[in-house]
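Labels run A, B and C following the written order; every chain starts at residue 1.
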Amino acid sequence: MTNILIQAVLLGGYYALIACGLAFMFQVMRVINLAHGSLAVVSAYAVWSLSDTFDMSPFVALLAVVPVMGVAGWLLQRLVLERAVRGGELLPVLSTFGLAIVLDNLLFQQFGADTRSLSPMVGDLSWEAYELPGNIYVGKLPVYILIAVIVIIGGLDLLLKRTALGRQIRATATDPDTAGLVGVDARRAAGIAAALATMTVAVSGAALGLRGTFDAYAGAPQLLFAFEATIIGGARSLWGVLAGAIVLAVAQSVGAQIHPQGFLLGGHIAFLVVLFIRLALKGKAPLRLAGIAQLTRKGAAQ
Amino acid sequence: MSILRVTDLDVRYGQFRAVRDVSFNVEQGEILAIVGANGAGKTTLLRALAGANPVKAGTVQLSGTDITHMPSHLRVASGLALVPEGRKLFLDMTVEENLKLGRTVGRTGDWTVERIFETFPNLVKRRHSATGTMSGGEQQATAIGRALMSNPDVLILDEVSLGLSPLVVDQVYASLDGLLKTGTTIILVEQDLSRAMAVADRVICMLEGHVVLDSPMGETTREAITAAYFGTAPQGEHA
Amino acid sequence: MTIHRWTWQSKLTFTLAAALILILALVPAFASDSVNERLTVLFIYVILAAMWNAMAGYGGLVSIGNQLFFGLGAYMTIRLADAGINPFAAMVLGAVIVAGLSWVLSLFMLHLRAGEFAIGMWVLASIAHLCVNLDPLIQGETGTSLISLNAYAIADRRMMIFWAALIGMVGLLALLFAVLRTPSGLAMQAIRDNEEAADSIGVNPMRTKRLFFVLAGFGTAVAGALWLAQVSAFQPKTYFSVQWTAYMIFMVLVGGLGRFEGAILGALIFFAAETWFAATGVWYLIGLGAAALLFSLLLPKGLWGWIATRTGVSLMPLGYRVHMETPSK
């Protein structure tokens, strides 16, 4: 049981990594980027191609891919999101979904149906493990990924709260018009925020490839995991997203224990339950459950 | 040379002409009060000057440079800052964070976070409070401070006394007093005519988007301004 | 001042549409099998586009998960037919059950905001897919087929499916049209045209959104059942694929979001594109995605929106036209 829990937390680290870019973009630009998963897979292929062609370590390749993805994110903001957001909140959903279809199929056109993985390129690291008391083995790679996500979330958090750029990004997120009146170049701030988000996406793409295999259409499930982790975590803070990602992974692992096909279902059900409870607490789900939830809250308040 | 020169300005919301053929000049160090009834176009005019509302026709020049179609953040960088109506603070940020945002454009000048706290001593104890939790007067002081942090040549104040008690308005104006003496050019919209007449060198009265009166304060009377305000002035009143 | 709803264009449209439906009903009598089958597919596309448009274009609900209704419509048909119900009756009954389910889902899904709702629907579709896989009758991804249709001779079957699809399409379009003519339906169109105007009309947006949501659930389920009847095989992966929603989005965005005529135009364009370019495989899909991207950015009202604003043509009597007589002095 402890073992399952530890492994689930480590898996949650990966989900948090893929989710933090989505959540950051959602917080800062109020946009859910449906091409998010596809961009992660694009990054995974980019790392794979560089490593394969130049026989380099995927970690070195990632150093090259991160800035490229940053530029891609900046372009995404300038060419797509900025324009789509002006047309209301529905258009960004449609345009990023269109972009996801384009990216997925371009990848398929380029790389075909074979699955790829980065794990053969990192040698022993793909199977090396730490031994914990109680005969529990934890893979080094998942631990590195968990550390990476803690560093990334910590860094983004610090940037937002402590730096001038972070203040500008937050001001732009709250009210771009007023941000402009204060002297903030809102377009620049949004572009940088998008670039930061896609830079984390590049890292999550590499993590995807290191953990297992991927193919051209792997973006959709990554998007769903990222989305579920974000919603479960409450989408308010990035640390919440990390917590949400761990809940998602634990629910999936529990689901897998109950039924051989219960892995995905477990995560989905956790997502629905959290969603439902949240709506019920807001008094928005007009079912009896809503009444129960409010009673419990009153009870807790007394 | 006029520091701000507005020529035949036309601003629209869809089909509605909120500001029509407005022209006026503001001299360096002058304090200009704009008065007029609700819906006369004052706020729209100020927002257009600051770059928050697009201009349909006409030009705005700041120190001789055409800024008519310049994005708002570049206007701040050029030395024009607006304290918007309703204050528009970033409510989840602290006073200090709001003030620091004001220095984004990095214009050099006298204003620092510390000097803002000297000017508005009531903010000192609120330094690390989220502005969303503060009183109207404290919020207004923060909004003015935030605009000052860009060290503007022209400061535009839109209804700084709106929603504040007379006592707090007195405090706000008292703290502005020092500023008024430093030679910064100020444009202010003020509902309280007596107060506007007390601080301003010149007054512009707007009615239905037009300028119906533009006169040095010494050369006009309360009666003339009131008449212009309600549209009862004889034709040809404005200079 | 006089207020018109029926323009001469819309009167002409209705006459032509009635004639067209009559001709279409007679097609099986003289056309080849493959023409019949392709037309059946077209009818299903029109249903899919019109239903997605009902949600997104009128209800303001952009969903990436309408394959949920599509797949469940087919699955319910399989289940009910397996229980001994006539397959055609099972199609209708299955869609009614899906409509009921969509009502339940609407109780909490409609509280989600734009992007959250969009992916939330996708998650629901994924859940439904996984649950259907657990049903032993379906045999996981291997799937099953609508065997009871084999009771009909192949020629009869093809004809019946054709008519079922035609009736389904005409019926659902008529239903959507009727909903749009109700005060709430008109209000939702007003929102599309002018947010401020809609504020003052005073409709309950939640009730109206629910109406469009349940209608789309029902209609998309009908389309899923029809598709099942047409191809006979049921593999969960195919039916619960997000590709269906990609098609819907393409059709509606290209045709015209929030335009009754737009969804039909979009379905025709998609049908033509599929007929000509589907053989190019991946590039065809890239083209669909690129078209959705470009239309959403450059022409968000779609081709019909563009035509209608340019020319003032209105084929469907869904709005009002106010004609002011020039006052004579």
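In this section, a residue touches a chain if its C-beta (ideal position, glycine included) is under 8 Å from a C-beta of that chain, and two chains touch if they have at least 3 such contacts.
For clarity, every value in this text was computed on a predicted model and none was experimentally measured.
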Chain-level touch network, classified as line, ring, star, complete or other: line
Chain whose Cα mean lies nearest the overall Cα mean: A
Chain whose average C-alpha position is farthest from chain B's own: C
Comparison of A-C and A-B (more C-beta pairs in contact): A-C
Centroid distance [mean C-alpha coordinates] between chain C and chain B, Å: 53
Separation of mean Cα positions, chain B and chain A [Å, integer]: 44
Distance from the mean Cα position of chain C to that of chain A, given in whole angstrom: 32
Contact set on chain A toward chain C in their complex: 26, 31-32, 34, 80, 83-84, 87, 89-95, 97-102, 104-106, 108-109, 220, 223-224, 227-228, 231, 259, 261, 264-265, 268-269, 271-272, 275-276, 279, 282, 284-287
Partner chain A, residues of chain C touching it in the complex: 56, 60, 62, 64, 107-108, 111-116, 118-120, 122-123, 126-127, 130-131, 133-134, 242, 246, 249, 253, 282-283, 285-286, 288-294, 296-297, 300
Residue ranges of chain B in contact with chain A within the complex: 50-52, 71-73, 76-77, 81-82, 84, 88, 90-93, 97, 100-105, 146-147, 150
Residues on chain A engaged by chain B in the complex (per definition of touch): 164, 167-168, 170-171, 174-175, 177-186
